[in-house]
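Quick one: structure below, then a few questions.
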Amino acid sequence: MITLVFLGKLADLAGRAECECALTSGAINWPDLLALMEDHLNTAIAEAALADRTKLALNGAVLADKTALIARDGDEIALLPPVSGG
Amino acid sequence: MITLVFLGKLADLAGRAECECALTSGAINWPDLLALMEDHLNTAIAEAALADRTKLALNGAVLADKTALIARDGDEIALLPPVSGG
Amino acid sequence: MRDIRLIDRAFNPGTLIGPFTQANPGLGGVCTFVGEVRGETDVQALELTHYEPLTLPGMHDLADHAFARFNLMGLLMVHRIGVILPGEPIVVVSAAATHRRDAIDAVDFCMDHLKSAAWFWKREQRGDGWHWIEPREQDFSDRERWEK
Amino acid sequence: MRDIRLIDRAFNPGTLIGPFTQANPGLGGVCTFVGEVRGETDVQALELTHYEPLTLPGMHDLADHAFARFNLMGLLMVHRIGVILPGEPIVVVSAAATHRRDAIDAVDFCMDHLKSAAWFWKREQRGDGWHWIEPREQDFSDRERWEK
């Protein structure tokens, strides 16, 4: 099981703020994650994940290169669109 | 009678914050003012008045060119050293 | 004195700033910025979402950078999350320093980074529903000033 | 909302800033700088002299320039005169605006001008008596930033 967290407008695209996905293998990489979102959610969120400005955090640490993702059972992956605070 | 007002450290030099001087003629100009301070006060304050950074106000308006001063009976002349606020 | 917080309900900035100033005895100046939800014609509410594992640690990193870059005695950084109504404060940054330039610049620096480099997402409720707010170009250029 | 004052006794900046913020409904941000007498080892007191015919009119001119230069909703500028003890506020400048950059820059602008271009003279009392304070080189260069 891994947890996907969708922040900001990505939650609207995904249709939820969070989802838990069962893993068929011990670990997933970046193409696996995209396929997972296509299968369990929709194409729009998979495409948004691909956008340059969308960042990825694994267990609370932002990845410098999201395509280098390797996530294992129990991990939490957050999809982070451009921020706007203050 | 004209009133001289000494601000900041010029009050220390003049030995007072203010003085009233009787005029012997109807009006005084810049050289007259310097002579007046030499006579009634001291050389130090006359010299300080000459310094570039010392400005002059006549009746609450700063003079762009203090050497163009013409002051008449009842006027107030303020000698303003460099400021420091805040 | 360092006070970095997320806060999930309406608050009065004065109740934070007074104690903060008191907690930095001997200071020369305190600069404070308070950002509020503008009472614009059509905006009924603002919602600030955050991502807990990143947001507060990110604000602490920002504070570390501010302390490294400016000569500060204290830094207060408080950011609202959740639903915020027009006229309510969203963010307070207060910096205490010996000299005013450090205090003013530190507030400017922190605000520029909170706007476009901290882990918050903002949407506003208008008559026709919720709209996500993207950072403006100006927000990016404001932040880039500090990269020189 | 414009509030420009000289004040000749100790005051609490919070009691000015709260009402000032309230008096500018719809603002996006308020930036405030409070300058205090530093509690330095040897300074027992500070004395601020002013020249009444110039000082308050000069502060109003400065406010006019700030309103002309920045997009402001309100400006508060309060300066102490007389004898001030360590820890007491000397100056408060607060600017309310729709956008934070105007608020922060207006405070910065006003402080730079109050420091080296307003009609105040400052001396401090140390163990060996009173000493007049000249503006620092930095104060002049801070002000010159605005002449570009």
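For clarity, chains are labelled A, B, C and D in written order, and residue numbers in each chain start from 1.
Just so it is clear, contacts are C-beta pairs under 8 Å (C-beta built on N, C-alpha and C of every residue); 3 or more make two chains touch, one makes a residue touch a chain.
What you are looking at is a predicted structure, and each value in this text was computed from that prediction instead of being measured.
Novice: Show me the overlap between the contact partners of subunit B and those of subunit C.
Specialist: Common neighbours, subunit B/subunit C: D.
Novice: What shortest step count links subunit B and subunit D in the network of chain contacts?
Specialist: Graph distance in the chain contact network comes out at 1.
Novice: Would you mind pulling out the distance in Å between where the CA atoms of subunit A average out and where those of subunit D do?
Specialist: Those two chain centres are 50 Å apart.
Novice: Report, in whole Å, the distance between the mean C-alpha point of subunit C and the mean C-alpha point of subunit D.
Specialist: Distance between chain centres: 23 Å.
Novice: Suppose each chain is reduced to the average of its Cα coordinates; what separation in Å results between subunit A and subunit B?
Specialist: Those two chain centres are 76 Å apart.
Novice: Between subunit A and subunit C, what is the gap in Å from one C-alpha centre to the other?
Specialist: Spacing between the chain centres: roughly 28 Å.
Novice: Scan subunit C for residues touching two or more other chains and write them down.
Specialist: Residues 35, 100, 111, 115 of subunit C touch two or more partner chains.
Novice: Could you check subunit B for residues that touch two or more other chains and list them?
Specialist: Touching at least two other chains: 86.
Novice: Please give all chain pairs that are in touch with each other.
Specialist: According to the stated criterion, the contacting chain pairs are A-C, B-D, C-D.
Novice: Could you please specify the touching residues of subunit D with respect to subunit C in the complex?
Specialist: 14, 17-18, 21, 25-36, 38-40, 87, 98, 100-101, 103-104, 107-108, 111, 115, 138, 142
Novice: So in the complex, the part of subunit C that touches subunit A is made up of which residues?
Specialist: Within the complex, subunit C touches subunit A at residues 35, 48-49, 51, 53-54, 57, 79, 90-91, 111, 114-123, 132-135, 139.
Novice: Contact residues on subunit A for subunit C in the complex?
Specialist: 5, 7-9, 11-12, 57, 59-60, 62, 76, 78, 80-86
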